[in-house]
Amino acid sequence: MRKLLSVGVAAMLVAPLACAREAGGDPQRPLRVQVSGEPEETKVYRTMVAAFEKDNQDIDIDLIEVPEKDEHLAKLTTAFAGEDPPEVFLVNFREYAQFVVRGAIEPYEGFLEANEVDLANYFPQPLEAFTFDGRLQCMPQNISSLVVYFNEKLFRQAGIPRPRAGWTWDQFADVARALTKGDVDGLGIEPSIIRLAPFIWSNGGDIVDDLEAPTRFTFDDPAAREAIEFIVSLVRDEGVVPTEEEVAAQDLETRFVTGKLGMFLSSRRDTPVLREVLGLEWDVAPLPVAEEPAGLLHSDAYCLSAGGDPDRLDAAARFIAFATGQQGQTITALGGRTVPSLKSVARSGAFLDPTQPPAHPEVFLQGIPFIRRTPVISTWPEIEDVAEEILTRAFYEDDYSVDRAIEELEAATTPLFEEAAGR
Amino acid sequence: MNRTGFLAWPFLAGVAALVAVPALAAATLAFTEFSGVQPPRFTGLDNFSRLVADNALWRSFGNTVIYIAIAVPLRLAAAVGAALLLNRHRAASTAARPLVYLPTVVPDVAYALLWLWLLNPLYGPLAAAFGFSGTLTDPWGARVSLAVMGAFQIGEAFIVALAVRRSIPRHVYEAAAVDGAGPWFTLSRLTLPLMAPVLALLALRDVILSLQVNFVPALLLTDGGPRYATTYVPLYVYRTAFRYFRLGYASTIALTMFVITALVVYVQYRLAKRWRLAA
Amino acid sequence: MTEGRAVRSFAIIFMGAVFLTPLIFMILGSLRAPGLPPPDGFEVIPRGLTWDNYNTVFAFVPLGTYLMNSLIVATVAVPVTVVVASWAGFAIATATSAARRWLVGLCLVTLMIPLSALWVPRFVMFRWLGLLDTMWPLIAPALMATTPFYVLLFALAYARIPPTLFEAARLEGLSPLEIWRRVAWPLAVPAAFAVAVLAFAWHWANFIDPLLYISSAEKLTVPVGLRALQTLEPTNHPILLAASVMVTAPPVVAFLAAQRAFFARTVGV
Amino acid sequence: MTVRLSGISKTFTGHHGPNLVLDDVTLEVPEGSMTVVVGPSGSGKTTLLRCVAGLEHPDHGAIEVGGRDVTALPPGERDVAMVFQDYALYPHLSVRDNIAFGLKARKVARDEVDLQVRRAADTVGLEPHLDRLPDRLSGGERQRVALARALVRRPVAFLLDEPLSNLDAELRARTRIEIRSLQRALETTTLYVTHDQVEALTMGDQIALLRDGRLEQVGDAMEVYERPTNAFVARFLGTPPMNLIPSRLLGSGNGTLIGVRPERMQLVEPVDGRVSGEVVAVEPVGADVIVHVRLEAETVLVRADTRDAPRLAETVGVAFADGDVHRFSEDGSRLA
């Protein structure tokens, strides 16, 4: 007993977690690049890594593929806490906040010159989003806005023309109503901040009081409230959106694929799946507009882990330059899942492939000038989770009013905003 | 300790290295703020005051208690029922025994995938056979589904119950038969009371597992939903630590749950002792 | 009397069937052609019966590599678990009552410690030892008998052996290790069977450890590979089930191969 | 309330093929009396008892309890009570609940249960221990709990399976008498199984000798002791067992066995004996000694007064009266 106790006490004294960082260890070790996604998705990264290794015989890359976002984050957290993170990790813009705020990221800005990266070739919106403390932190590989995927066949049958840029909310609602019949629903939309935000912005409202230093949600603002009420009424009063049970039975994507959904809102990520469905006629259209067009940034970027060995950092930066450069982005764009952040690739056949749906891929590009983003604060993922639960109730529970949702959202998230501001 | 004591040293060394030392290190984290990225910062008892006011935690705790209330009796009843039914030397029993154990050796992930299929409201056999739908979208449906799913993986409890049942001397049953005790009377006055101490241990083990370990099914099947109905404490700890980067606070919760578990165990132990049935 | 027998027989068959059902559905589901619309009502034999899913799996994940890795881990971890658990169980069974209480208490406390709290400290330790991204973190739990539950299983088995046997062996001049090897172990082989099967299933199902401590794709084990497949859409679920069948088969076969001894000796039926 | 067994046969099938355990056993236990079934281990006596209790089902034959054919009835409906060799007490129940178990199983009213339990406990002197658990009782106390449990139900018949075998010698002797007087007082028909011939001889109104599943002889103590129907019975009853001397050693023809009990033999001068031989051993058994006398290849045992004990290697004569001689044929059956 006593022996065991003394071992434990010794361990506490050594407190291995707090001790000084050791430099990266064996320089010959392969660089580790951690990405997440389903097998089909990570296959694209594998191809890209292979291409990089072929061009750079001196650099060996271990691609770490993690199936789900939760496990991706768990693995990253453990690795950071254990002070042995992968040199490069791919992270979604909205998840990236917790890393950058806590200083986990080595700003990529310092490596631009050495790798001859000219930022002018990239769309500015994702660059701005991944800029923190005045420095570019991570290198975005893609930029997608929220678009309306629609089933052309169902549109034809209902005699509805394809939506044009600048269509109004009323037209949007009309189309949704017209499409809804039998087991077909007009519109698919999830109860989440990232789906509602473009509508709030489009209506002249905002989601937080200060994008750089937010202290609260501003959903009680009339413009924001009106936008939320508009969507909620489509779900609850109009019944043009699948019920909660229906969505659980079959997610929006599958409902769309099986012809049970006329339209649904999503980023570019659904494109590869839809392409594989034989006989499905579909295309994309821009979001409807109330006062001004607005979109929400969907972007993933390659980040360098802070504190690594300088030589390895250089090699890792080289990989990032390749992955986000012409060749790398072409490979990922061919995968179909990304809208390239590099303008030249976005305008190339790799992205605008006329042989594959959607027939109007330029819709993704046309939305880019109006893209806005969510705040970069450490507690953002948790805020989104909390909001999703409350919005789910507002969407699907009859006795749960929008007012109540807004009130509870504020109560539940304000401490999280405060916590983030305290850092 | 007598001369054989040294044979326990490899095990004790393993426990020290893999549990004791890491647990002590984790316990110290409970008094810090630690995001995993920056070094831990000592914050005294702040995490504990946060814990008291953490509604999401207590909701998870409530979910866990609900899970325990449904799953533990269900699992116990299934294990004991199977053990009592299959304890005799009969060809059918001999054949059925391994079948009862079989779902237990199915790896968690494969098992979760299987149930996702079974419960799929559109493609799943259960939906097709019984018209189930929305089992996993309804909070109670999801809670019950996870409990039922757990009730198939009772192999270890089944084995223990079977062994205990077989350790009851045959003469005692013969005496009861001569005394004119019917099947129900024998079960309720003889078999179950005689198995009670071990059943209590099995229940205790299940409670511990529910409080501490059992989160893979919830993670894979429902991801804690719907409406947090299946966010159990272990899953909440997992989220807090690895999704929200609050490793210090997660340690605080883990430490608190450890203390609660230890209290539950202690109380159960005292109760068992009071019954004078503890082995 | 005979009526009661019939009812009992029926109940036994029913019980066996109930527990077998999920596995049957796993196999049936794996034979369904992917991409088909949902079945129209309950179908026992799936429409579009096909074995192709078992091939398709390999197009998504290198399941063969994963299976081999899992097998390597189990091959090392299971024997180590059995020996460590057996030794510790023997020590418990032959200890003085005070020492026994202490050891059993330690086992229980160990069971109570939340695993998720240990991940980060263990990561630090494995890194310090230079064992990250090797098989060792996956094998390591075997050093503590995988779970103390197995130690207790052995302790129970040894406790059933009359202590006079050990005393007699001691009078013969055997060392404790020889007593274990020549007296205790042969009499508790059934318990070893049980622990081996349980430990195999445990290591085979281990999901979190490889996720956290392995980074190279070629060193991953089957649960992580399966989890990767879960992201497939529902119409591809049959492929998932085919993978599940392949992943489930080894522990099931191991169990069925050992089950006679497993039941015969652990339970005495 | 007679217990009657007619033509009972029972075969067990084990790993080594079928084994005939009871072979056409017919036995009647007269009302209110005690019949002791005695035989060596493996003779089938416990199986016989279990057949009566209903714990085994005979392949052939019928069992009657109190004039009722119970052959097909389950144990609980036969109205018999059994005391098991290991007592089979319910380990989780107090003495009180152990005794009450059968009454509660039959849904007897609670007041009545209390009364009967108290009375039964009183009968066997268990009153002070009613709230103890079995594992806190001595062997003798447990035995009495088992007895109380049997008699509280006032059954038609008691079945006792070697109830004394787990007691030490002194207690066994005392309990023997207690059980016997209890049975006499209650006048309950009792079937008692033992391997101990002393128990059989001292307790049984009627003694049934069982060997390899067959009844060898049934009769009262006097009868089976004084007129054994065969050499087996003759040697099984009595300590030390009856001497069986080939007749040619006595010079009285060939092919028969002469049986004489050791206590009916006297040591005399070599010339006065019917036979004579060398003393090879002298076993003291208290007041008496057992003298082993070597006659050619045989050894004859003679019970003698300790004061008359010969010395080892001394040559002695052995005498006995004609009236004490039993004659058996070579296959063991009694001649006349």
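Every chain is named by a letter (A, B, C and D) in the order it is written, and numbering of its residues begins at 1.
Rule of thumb we're sticking to: a residue touches a chain if its C-beta (ideal position, glycine included) is under 8 Å from a C-beta of that chain, and two chains touch if they have at least 3 such contacts.
Treat the numbers as computed from the prediction; the structure is a model and nothing was measured.
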item	value
Set of chains whose contacts include both chain D and chain C	B
Farthest chain (mean CA position) relative to chain A	D
Chain A and chain D, separation of their C-alpha mean positions in angstrom	90
Distance between the centres, which are taken as Cα means, of chain D and chain B, whole angstrom	55
Inter-centroid spacing, chain C versus chain B (mean Cα positions, whole Å)	16
Interchain centroid distance [CA atoms averaged], chain A/chain B, Å	36
Contacts with two or more other chains, residues of chain B listed in rising order	12, 21, 25, 29, 36, 120, 122, 238, 241, 247
Two or more partner chains touched - positions in chain C	119-121, 124-125, 227, 229-230, 234-235
Set of chain A residues in contact with two or more other chains	16-17, 74, 77-78, 81, 250
Listing of all chain pairs that touch each other, if any do	A-B, A-C, B-C, B-D
Complex contact set, residues of chain A against chain C	1, 16-17, 32, 34, 37-40, 62-68, 71, 74-75, 77-79, 81-84, 86, 250-251, 253-254, 257-258, 273
In the complex with chain A, residue positions of chain B that touch it	12, 16, 20-21, 24-25, 28-29, 34-40, 120-122, 133-134, 136-138, 219, 223, 226-228, 238-239, 241-245, 247
Touch list for chain B against partner chain D, complex	169, 171-172, 174-182, 185, 189-190, 193-194, 196, 276-277
Touching residues on chain C, where the partner in the complex is chain A	37, 60-61, 102, 119-121, 123-128, 132, 211-212, 215-217, 224, 227-235
Complex contacts: residues of chain D adjacent to chain B	50, 53-55, 74-78, 80-82, 84, 86, 88-93, 101-102, 104-106, 133, 149, 153, 159
